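Given below, in the form of structure tokens, are the structures.
You will see chain A twice below: alongside chain B first, and alongside chain C after that.
Moving on, here comes the complex of A and B:
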């Protein structure tokens, strides 16, 4: 059998959803296998790190790297795979923008450990043991990869050729990307691929009207009209500030878009853009004759209905956002 | 790219704090090829000439002027660029006077700041694009909605200037509310007599031919924009030709159908075909179809047969018509009405027949009114005592928070007119505040104040006041624990926007304030303009006002129209505006509600928003709001702004 181009799929700080999205190709996975040699995928296969280390540089045609960089091991694997790959793809929202793992950038490592290993009511830890690089036991030392000071996305540490957005990327878009890779007709380096160029509103077939939002509401409060724009109904739908291409499965299921495809091209900060957009359509009523304090009170009352700013605006992009979180870079 | 940097010393204004030599030296290390020139007063005639000559010699690709605020002289220097053959939008000004020299103590710090600001301008100006003004053919004519004092005045002024005017009036008459009054504050001038010259000019004067008056008509649709509106107007059948009728009234005399006359509060009768009231203009009756016996299927042509002017004057078959007119500007002069006083509890309005609101009382006083000016109680007596209650629903957060501004003045006018006819009638004014601004309003108040039969009682809340029926069946007003008999009560309710204001607001996209009046572009500087270009506000549709101010505002709207739209001259469209990239717009329509000038519409064919450059003010609100980044603010693009920030922070 002639050598097929090698494909690697690696997970760093991730949930495994990206691998499931690949498996969701269903029978097309056979076409992938026919065209490419999937030779490394810790979630599915038994190839080891040493096998990768043994490869010549650039031996892997394409690496789909999912997950954010949380630990030193994530970082080492990113650098290793970059060296061994011709094309490095940041695959999914964690690798592209930090995603859920990056929300930890509001806390220091010490705070995270305290919450998880010491202050957690369901944890019994009388000796106050927390993970550290090397722990000695009578049987010998064990090593755990240390946590980085903050969660990073892939491009903050290695050179990335392409980005595929999504949490996880939609399977039909993964297939599109594979077809492009197989065709050899690759887009310019740095492109975000496997997605559309508009916003989710383009994928969403709900009726859109002029927007004036009298109050934000949450899903549990009401059953939204399945035909009308969710944002107009007060749900904080991120679709307006999110790249298209997913096919809007969430809004089709009467759930607001949470923004996993990130910002469209030309928008550097998805959360900030969403804040600017919402700020423009929040209807706080007529303010003529009101004092500054009253106006500010109305705005605050409006905003107090958003329970979690970071979780809403930066669920997928905190690591790549302008402000980046609370812990230092 | 060659960039010219011109540094103005502004005499000592800038030179005292910022060293041009130090800036010149720093400019030497800026990226791009730059040249640096220091001028003493670049805005002076010499300075401008020197600047233009230098531009012609150096032929820079981009120009920076570090001088005063662009609010001062950006236009001046843009013209200099144009004179030198450069696109004027390739200029970037840096305000080193107001923002740096005047507010920075230490010259070294000021110079360092200036260098940063100029470097920012350099980074920005590199990205600036040549922009061209566009021109548009316009229609110089106007639509005036409402034929009250302000609307008539605006229409007349425009007609005198040679413009065609479509004057649309909902009622069968012109003159608005005041023409229904007997005498006016502050000089007790006869209202119809005062308005007659204007109404006469409008109907039959030298320029009347330029005015197309449509009574009993309403605007039902407006499309287009400033300079090029198309209005659709629904004209209800009057059944009487305004052009041919001479107003003899023979038709009314012959008409067999009778109803109560709404123009006289239903207090007098009228025929199905009749005048609104005596002396009304246009001097032609109108037929109320629902009252005419023909509406019951009966054959009748009594009016038509009675008309001495021929077959064609009365047209019983006339039907509703929809007409279209092309105009360049729209003047809203839709006026006001009164707040329904029955919504203010305890006033007895609508319960006790001798409780009137101010408009009803005006008709009672009027010689063309239901009682020909003789005002008696319903029992037919001269009232021995009469109460006038001010601020009914005004200055009241439960009703209308604002002061209606005119009520005190007409209340003291009532006082005068009542005393003149019945000097023995005791009059009590119940007021919360007294508002008598200006140089004339005090006179009628002084008369009332000196009148032994007049008393003023102040109350603090309308809740402390009650109009009730006393044991003897007479009305009494209870205030602050004191009961006073009143045979008649006149209420001064809040002045509110005329009925239909909200409908027009929706139709034209002209916003209303929380009180329902049309919202002006700026309360002080542009109270006669709406936020929509080419739609102007005349008279009390903008806020409660007296006739003087309404007439002035009517003239102001004519002024805007005449200045903005000139026959044979195109409308210049400022190129600093917003533009939607259709290929990036996903059609969320967020921008549409954001635009304060209603300049964005949705093109469902392309499923994308589109900005009308004529209406756009270039404010950038939509650019910031567009979540897809699909809107560009020309001359203030994201790239230009980011580059400027980068240059400053470098």
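Moving on, here comes the complex of A and C:
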């Protein structure tokens, strides 16, 4: 037992879906257990933080770190596990790009506190108490991990060796990565692994033809043709700006890709790339003879059917996007 | 506090993406007319406004631009038939996204300048520089994360 390389799986600001994806290895989890000593996973096991602190540095062979960095505690655990690990993997879209927790970056921390603790009609808070790191009582001070000003992804705070995208990563890809790790033939540091390099369209076997969309439509409005490209049917399918490797399970289930594998190779900003792609397939009809103002009006009317472009385009990557969230003042 | 004093002496940095066939020639015309216009715009010549990837605009902000101008051929005049239409559609969607990210639409303007419209080039540049000057510098969230 003591000779097996140690594996840690930690969750920071996350939902637990990444752990489920690991368990979804099914019987292969036995192979993982045979080869690696899973010694830290708060979701599944009772190892404590002090047990990790007691380890020598670099004692853990691989840490799969899932979740974004929302609180000071997340930050401390990221730094601790980085110190104790030989290989640090940003596991899943929260650790890679911020994912759902990072949608909070559309607001400032102060805005969040105001709407949750002060201006919320169902909250009675006459003393205007909001979370803070240290609170003083007559008996002494108590400390709770404070919220960071912004949700961050792992690589903003610690050195990351590899990235595995997905919300959650597909189990067959987790297995591929474990095989690579066990083989010892590791890819170059900084690689995004357990995925492809192209887009989800490459995985998706729907029929693709000319893309000219007369209107954007939303999922509830109609039942899409199960054979034809969903984007061509007007759904804002993120597949064109999303990394391949998942096998396109969403489009197979007649749902548009929501972009969880993040940007493909060579793309720095998934949302900007969606704007580029959709801007070139919108069909506003014949504009000959129209004034510039009339053309702009048509474009605005076309775009008005979707209420939240940024939330859709940056659902999984806001923390790692070019602007990183709402700009400051 | 010092917001007012910060604004004094603030010279906006503007990146201008100019289409090779119309707007770049329009800027050249403006230069030839020798009427002064604000020197705040760093011009990048692109073959077509349709070549302006929204990533370029975000990168400009990331690298310190306070505003971006995309100048295109008038509708129907595109050297590549419809590159300017794509630029228009992308721009319209991009400013909706930027608005959600707290970037005012005045910081990202698309307009049409033909090869003969030196005066319009001057006017558009002037309007954008003044609009951005009154908004103040663009501060990215990355700079003030605690």
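As a working rule, the second predicted complex is superposed on the first by the 308 of 329 C-alpha atoms of A that agree within 3 Å, B and C clash if a C-alpha of one lies under 4 Å from a C-alpha of the other, contacts with A are read in each partner's own complex, and residues count from 1 in each chain.
Everything below uses one rule, namely that contacts are C-beta pairs under 8 Å (C-beta built on N, C-alpha and C of every residue); 3 or more make two chains touch, one makes a residue touch a chain.
Everything quoted here is computed from the prediction, not taken from an experiment.
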Practice problem: For A:264, decide between first (touching chain B), second (touching chain C), both and neither. | Solution: first
Practice problem: Examine A:27 and indicate which partner it touches, taking first as chain B and second as chain C; both and neither are also allowed. | Solution: neither
Exercise. Would you check which partner chain A:105 touches, where first means chain B only, second means chain C only, and both and neither mean what they say?
Key: second
Practice problem: Tell me which partner A:211 touches in the superposition: chain B (first), chain C (second), both or neither. | Solution: first
Quiz item: Can A:152 be said to touch chain B (first), chain C (second), both, or neither?
Solution: second
Quiz item: Is A:141 touching the first partner chain B, the second partner chain C, both, or neither of them?
Solution: neither
Quiz item: Of the two partner chains, chain B (first) and chain C (second), which one does A:280 touch, if any: first, second, both, or neither?
Solution: both
Quiz item: In the superposed arrangement, which partner chain does A:3 touch: chain B (first), chain C (second), both, or neither?
Solution: neither
Exercise. Look at the residues of chain A and decide whether chain B or chain C touches more of them.
Key: C
Quiz prompt | chain B versus chain C as contact partner of A:197, first or second or both or neither | solution = first
Quiz item: Hey, what residues of chain A end up touching chain B and chain C alike?
Solution: 267, 273, 276, 279-280, 288
Quiz item: So in the complex, which bits of chain A are touching chain C?
Solution: 105-106, 109, 148-150, 152, 267-269, 271-273, 275-276, 278-280, 282, 284, 287-288, 290, 292, 295-296, 299-300, 302-303, 308-311, 313, 321-329
Quiz prompt | Touching residues (chain side chain C, partner chain A) in the complex | solution = 50, 53-55, 57-59, 61-62, 74-76, 85-94, 96-97, 100-103, 112, 138-146
Self-check item: Residue numbers on chain A that touch chain B, as the complex places them
Solution: 197-202, 208-212, 229, 231, 239-241, 244, 263-267, 273-274, 276-277, 279-281, 286, 288-289
Quiz prompt | Residues on chain B engaged by chain A in the complex (per definition of touch) | solution = 401, 513-514, 583-590, 592-594, 607, 621, 624-629, 638
